[in-house]
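One chain, subunit A, links the two complexes that follow: it is found with subunit B in the first and with subunit C in the second.
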Partner chain A sequence: MAAVANAPAPAPAGPPDVAVEHLTHVYETANGAVKALDDIDFEVPQGKFVGIVGPSGCGKSSLLLMLAGLLQPSEGRIVVREHALTAPRPADVGVVFQEASLLPWKTALENVEFPLKLRGTARAERRDRALELLELVGLADFRDRLPHELSGGMRQRVSIARGFSQDPKILLMDEPFAALDEQTRLTLGDELLKIWTRHQKTVIFVTHSLTEAVYLCDEVLVMSHRPGRIIDRVTIPLERPRTYEMMATETFGHLRERIWRSIRTT
Partner chain B sequence: MTQRASYLAVQIAILAAILTGWEIASRSGAVNAMLLPPFSEVATQMGRMLVSARFLENLGVTALEVVLASAIVAPIGVLIGLVLAESPYLGAAYRPFFFFLTGVPKSIFLPIFILIFGIGISQKVAFGVFQAVFVLVIATMTAASSVAPELVRLAKVSGATRWQIYREIYWPAMLPIVIEGMRLGVIFNITGVIFAEMSVSRAGIGALVAEWGRNFEIANLIGGILITALLCIAINESLRWYELRVGKWRQ
Partner chain C sequence: MPATAVSPSAASAPRIRRGPWLPPRALGLLTLAALLLAWEVLPRLELVPPVLVAPLSTVLESGVASAGTFAEAMGVTMVEIAFALVFAYGVGGILGLVLGSVKPLRGAVLPLVSSIYAVPFIVAYPLLTAWIGIGMESKVIFAGIYGMFPMILATAAGVRTVDPAFVRAARSMGATRAQILFQVLVPAAFPSILSGLRIAGSLVTIGVVVAEMLASTAGLGFLITQYRSMFQTPEVYFGIILVLCLTGFLDFLIGCVERKAAAWRPRKELI
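Let's turn to the complex of A and B:
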């Protein structure tokens, strides 16, 4: 089991897309300072799909906000494509949030177009691009629906399409499927892999589902309970494209178990 | 749709029953016809009023006062509301005054307005503004605090500038609640203007109705009240229609 899990990752082609360097985060509460993240250090090579798992309250979400440029760390820094990150950089980093966060007054299509509209892309061009993405997530027929007329799974699909419409080099996903049922989760995971293969992005995927982490990722970082530290890095050597059958294999089970053990011992 | 039609049928039937009951009560002598003339008589009188120059002139004065007061109060109310909602310091310092004053009946201040502005149009407009501004300020503050922080966050990571965040997130999110505040503001505004006209005034629908009351011109009095009521309902409903239209996304 350990032999499989420790299989070396293929050497990265160029400089890493994301380098997190000795990140520590402390925030003040009424009861004093709380250390949320402690010396987080990792790199994500270009084009890789990296998962972050950990118990609730391990600071995953804070880490993600920092990777998005929305929150400044107390110590350490984040380097995205060779430049230190100090504010949101939409051309480099896109985010898909847990609660789809669609603009409720815009249709599915307009929501996917939104990042393009902000940067002043011509109407016809952004419409074409958004439609193509909506088609890719199977929602072309729902383009004119408002978010409250869509199911939870559909909303999350729109949100993913929007993440891709911005065409960032790196896509951060914060438990995007957490609110969905198991079947929708699996289907959406597969669709995500399909789009990822086609658009070749670097993905950082936060989840609390171990199965999802093993199924989707090239590497899984395991975080400890507060203060969040990285206590294990598990390379997933399963070949791509991933298939449902792989979930039943011994390798898959071992990987899942190893992650589970790491989490449990914290 | 059929359900809606059946509600409408019931509502029309209720209205017809009330008007018929009124007619019968008055004609049979069950109520004093001096105090409540039959509906048919009032309706005839209303028809006459709608073509009478005196009535229309006074109605015009009131309409002008309400429109001027609305034009003044809308930008002022929204601006004050936005500043109080967005500036932590000013908000904390001044918000309580608005909440306190909302609970005080504005009518008690009327004599002060008469002393400052006299008894002409400017006094009615000022009093209308005073009546309406509080509800609009509070609605705007509520609207600003109802903007979901997730959406602002999303706009930021999608590359929105500060101005784009206002235009694309704050404006559409706040609009339905601000319009609702304006609708309530218009109601308070009209209330203030008419109250001021009834107290001391030479013109306006309030002055006219008060005069009819004093002179015991009952058919005119009731007719004037009904026409004013119908106009206010029309204004309120059209603003509500607009409010629902821009707030369709609120389910």
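Let's turn to the complex of A and C:
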């Protein structure tokens, strides 16, 4: 499955965390059926950081909703940690959504606590855990702020902390930095890598920024225009930890170039 | 912390005060004082006939003179309003939540509810008294149902317009239906629910007092009608003042809830 064109993939240890098998999604509109995803097939080994890029409207977001268990595929299936996914499984899969979907009437701390509260975790325990995570994203001093009192970057940090709070094995991120400016985006990307290294999560990261994809990921899946298909898989052989200097290297440029060419030819 | 974080104080921008010549509160009090003064002076100077408008001092005097009668009537009216409010808020709120969050019901029932809301129910009140008499029950039922409709509509509208991103996020965290309803939909819809509380509150008050005026043997509405038919103008006005006090008090209570609940909303949306 993981036959990668430009580099040999390292042998995955154990079964993949996520296996997407021949996924097809068709939805009905007033003008008839539209095929959004066509025979999507890939695996994500445990602990890997995999990016999904593609033109807008390629069904990236539908794919992510399915990976979260929020949308049922028309055909094919998704296997998460060896069990077919039929409904959200928060202990396995956490989601960091595109726009800040933080609850505006809850403080930063309460938002990070929310997934634990839903699960019935004891108050003191979830408070400790949420504080620890806010600390990790550098927002401990802002724990009592409401979302509208935070900047866009800070809100997204809270979202990331919330994604980690339920301690899922797999983290799905749907263009989490899309609404942020360039500097914030880079900083947050670095912070995310730091947290990722420390917590050993499997990450599936949807983005439309090619630089971001190359900088963050182990492997980048390139999707085509609707109906979305996977048209290229690019392994990113850059070593970790990633540094800003790498962006100026020839390898980085080539990888970015290659992804761009794949997208353009669709 | 990297440079992307804004400092805590930067979140609340300084507000520029472009003041009118008087602060709004003082202006409001001044207007009220002028009105009260006019109320006293104009009838005394016979610029308006005293039989139509009694001077304020006479109104208050006659109120004090019949304090017992008024207190009793006010008690009856307050009890009726309280029961009707419980009915309107409780039943209206629950129906609103159900209609707003269950898609098939929403399309089928909500339009019906809003067209029924447009019917002036008061015309049916005499019928209601024929069925259940002219006691307190008829007032409670009439005003309760009257107030229930805006409560249903406001709650349903609030629930329906909640940002689906909130619901999606909660579902991805494994929230159950009940958790989504009570921990996401209700708090998110609260601003709209509050306006339902407000409208239903005033409709219930109107409903009770008007029903008392139409057919009753007790309550402020009954008292006002009775005094009016005997041309005891000062007493009529005192009754009206008491009704105003009741609505003012109700409004104050709702305002307290509102201030508490609206703290999370950005200021610009409050205007």
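Assume the second predicted complex is superposed on the first by the 261 of 266 C-alpha atoms of A that agree within 3 Å, B and C clash if a C-alpha of one lies under 4 Å from a C-alpha of the other, contacts with A are read in each partner's own complex, and residues count from 1 in each chain.
Definition applied: contacts are C-beta pairs under 8 Å (C-beta built on N, C-alpha and C of every residue); 3 or more make two chains touch, one makes a residue touch a chain.
These numbers come from a predicted model, not from an experiment.
Aligning the shared subunit A places subunit B and subunit C in steric conflict. Shared-chain residue A:105: touches subunit B and subunit C both. By the touch criterion defined above, A:142 reaches subunit C but does not reach subunit B.
With both structures placed on the common chain, the touch criterion links A:150 to subunit C but leaves subunit B unconnected. By the touch criterion stated above, A:70 is placed in contact with subunit B and with subunit C alike. In the superposition on chain A, contact is made by A:184 with subunit C only, not with subunit B.
The partner that reaches more residues of subunit A, of the two candidates subunit B and subunit C, is C. The intersection of subunit A residues touching subunit B with those touching subunit C, taken from the two complexes, comprises 68-70, 88, 90-91, 93-95, 97, 99, 101, 103-105, 114-115, 117-119, 146, 148, 166. Residue ranges of subunit B in contact with subunit A, taken from their complex: 150-151, 153-161, 164, 168-169, 172-173, 248-251. Every residue of subunit A that touches subunit C in the complex is listed here, in rising order: 65, 68-70, 88-91, 93-95, 97, 99, 101, 103-106, 114-115, 117-119, 138-139, 141-142, 145-146, 148-151, 153-154, 166, 183-184, 187-188, 191. Taken together, the subunit C residues at the contact with subunit A in this complex read 1-6, 8, 11-12, 163, 165-166, 168-176, 179, 183-184, 187-188, 190, 264-266. Those residues of subunit A whose C-beta lies close enough to touch subunit B in the complex are 68-70, 88, 90-91, 93-95, 97, 99, 101, 103-105, 114-115, 117-119, 146-148, 162, 166.
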